[in-house]
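We just call them A, B, C and D in the order they show up, numbering each chain from 1.
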């Protein structure tokens, strides 16, 4: 059954913070990605995650990206992703691990995906995005064996690679069936101009918002960061994933009233206000 | 025949985006330039291109410029321009290649210009700017042999070098004649305080806008980036080149109402709003 | 006796500047911290300190952080914290030394803490924060022997490590007693959702402001920077420390009216206006 | 005779740009400074110069400062100041050379000052600031032999070192006399809370504006950049130097209406608007 995500759902999910609370209450997020060429992708994901309100953010990336990361978001901690002795404890300590933005598909990238997916346990959530989806498509056991809660964020071509179902044949039923085969504890965010969210139930959620000004590089990385930030704070459920998808497009629509192209960083900077508006509907 | 570019022309060119569309629909732009000294030039060109709405942007530059590039525009992908194995596929994959801003005129720069101009094919567009024009002036076969659609963006002294016609003798007729000699599929954007656009027809288009506050370093790189962004989205035609020239000056004029000097980055940041205004005249 | 910090106290502390005055009148602050991973912490502390109005700011940090530091705040001077020949004179020349944000707890970090705490003299102030508190907990003589005025800024768990008193047992009386044991010339800023300030008197000051949107990474570094900036300008007293704590939360509350999460850099950028408002109440 | 600089003088100096003009008409400025520790100083000077409207800006500095420079102002070109083969032609090509901000006083810094001052010719202007003043104080022949027009920008202690006159004895008559001894073609900008400008005439000009919120690190570098930008555009005269001094304080006073501390970068970003206001009084 196909349902639209609604503003009411989002408002119910985005609760005001408890007066007595600490940054640890809002999740530790580890983002792994950004090689020598694609550093911007992991920075944009982290920037979105930060502006969503995640408590503590660490970025494991190529060291070439350190200066840009710390300049754009000094709030994020940095790990050189070659440093196993730092990366492994960071994976274990995280509530949420994002892997993929700007990661590339080299053998080293494959090792990183393996390290993350194998170390994670049931209480953790893993968001698999971009290059990590391509890698997973060639190594299907990786997702199947992963114990963490899984959120997959492919666009339609990435989903074709992952599921084996061609874009034209990607019906809701097919998508649900294939998702269940990949993992019985995964959520699928299938990105298109009307993104859909599939969990292991018969209900499929559709995003009613969004605009073509958002068709620009980095917009997917930004969505990934928002999902990470929202599930870090409000738990990993279909509702929270839906809320993240909705907030991303809602904010993009606000910007598109004035701007022809919706730039990712601008979207991220508007998030704190947009999320506060939804939060106050609960007050 | 000399005609003014008009706001109506621009509004007809800048059409609203189709609801169902993807970043790939808005062009892959590769910008090649920025040596150890002039990294800012290619960054400003890329920043302008991004704010114009191009779908995917890659910058091939000296690795010293990576941090500044990713800090200013994380949306752009990066290639070390010494890495042939990355550069060649990027050239082949691009819809639009910009070559020249901050490139310098070393033997290595010459090699880069050769690589780009020789690899490009008819379906692609090459914007030749700044140092690449100087290099082309000394290697005229490069432009003549290039199969891609060509856009040249010299100021008057660069055009003198390229065409052999002294500034005082640069009449419309002379310019058209020389352009046809250089290439039968090139468009000339001859920059001055009233920039003119020449295609292979007898009509010459003149920019009616602009102001002397725009006489500052980086303004040419910004125009080049805008041209790249506009033709990436709306195709390479005289109309789209005209629209880019017009939008650059229109935006500069907006800023000059308040600012004595019109800084390139400020101009770029205003582009999404200005382009949206023109786009909405089509709605 | 527990008292609330009041707006009146703050306004009396934040006096307008004398017409004839120089940057040296507003304090030399040295901030030591920021290793390869946690560079953002010392940058955020410095950014807060700068926006508070400190006269001259130097950051001693890992050289990997230089570019991000100079990009975000070119007003700060930089020292590679491995360069003893630069660091020692900088410590001696400083009015205020902040040590700890993003410092880590390696043997090298321990050496840095020792160097600072041993070199400082009575006329100087040392703000011990974050990693430097953890290091001090394992080397209690360091604080006890330090001759400078001391400000400790632990959160409750750091205070547990430092004082040996478990969080549940951290009563005002216990805290005052333990503080006196650690040093007879230290002030304690015990951070929680209602931060308290202890000096060597029976009065305990409580911060009446703040909001849970401030529960995010970097907020503590920002508070530390504000304390440094305020004591650099107005002297090291209970009143000035109170004012810094109050201003941090007051500014955070302003941002939280619109934003769900209160980002440290945004808070810092609002400080000059907020401080001016309090200053003008004295005019 | 002591006279106040007036708004009318400034308005007469800051003329609107001619419609047909090019970036080369607005001066080539080379700024030399910024060692490993003090990179921010030369960046702030360049940022002020850029926002004032100078046509072309090159910064010769330590290569560690490249990323921060290009991130903050991509409009500036970069030279590693160790590269003699780049630096010497840049000095020769410049209309204005600024030397000193963040330069330090090492033997290498001395060599740089010597190189600049010896190469410059009558048609050029050299602004000697900060470390370069300290170096010149120990090498008085440097200034005396320099053929370019000279602008000195010491604060009172730097002037004491340069002139040998103690601060308490720095009367207008003494200052004029000492200036004439140093060079018969130098202008002195003696910085204090009421900055004064001395040329080789009996008239001394005093800045009537400014506020103590401007007593912060980097404010002097910013003034230097503004002087460079103004003389680059409007020629090196007492009037133009006066205008630069006035505009610096006028802009700082605007910011101080809201902000307790006036941060250099904020001041620079407001310059284009302030200068446009003065320019329009001529229209």
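Throughout what follows, contacts are C-beta pairs under 8 Å (C-beta built on N, C-alpha and C of every residue); 3 or more make two chains touch, one makes a residue touch a chain.
Note that the coordinates shown come from a computational prediction; the quantities given were computed from them, not determined experimentally.
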*Could you tell me which chains make contact with chain A and chain D both?*
B, C
*Interface sides of chain B and chain D: same vs different residues, half threshold*: different
_Farthest chain from chain B, going by mean C-alpha coordinates, please._
C
*Round to the nearest whole Å and give the separation of the Cα centres of chain B and chain C.*
49
*Can you check how far apart chain C and chain D are, centre to centre, with Cα atoms defining each centre and the answer in Å?*
35
*Out of chain D, which residues touch more than one other chain, so two or more?*
67, 71
_chain D contact footprint on chain B (complex, rising order)_ = 36-41, 43-44, 47, 64-65, 67-68, 71-72, 193, 211-213, 215-219, 256, 258-265
_Sites on chain C touched by chain D in the complex_ = 14, 16-23, 25-26, 50-57, 63, 66-67, 69-71, 73-80, 86, 271-273, 275-276, 279
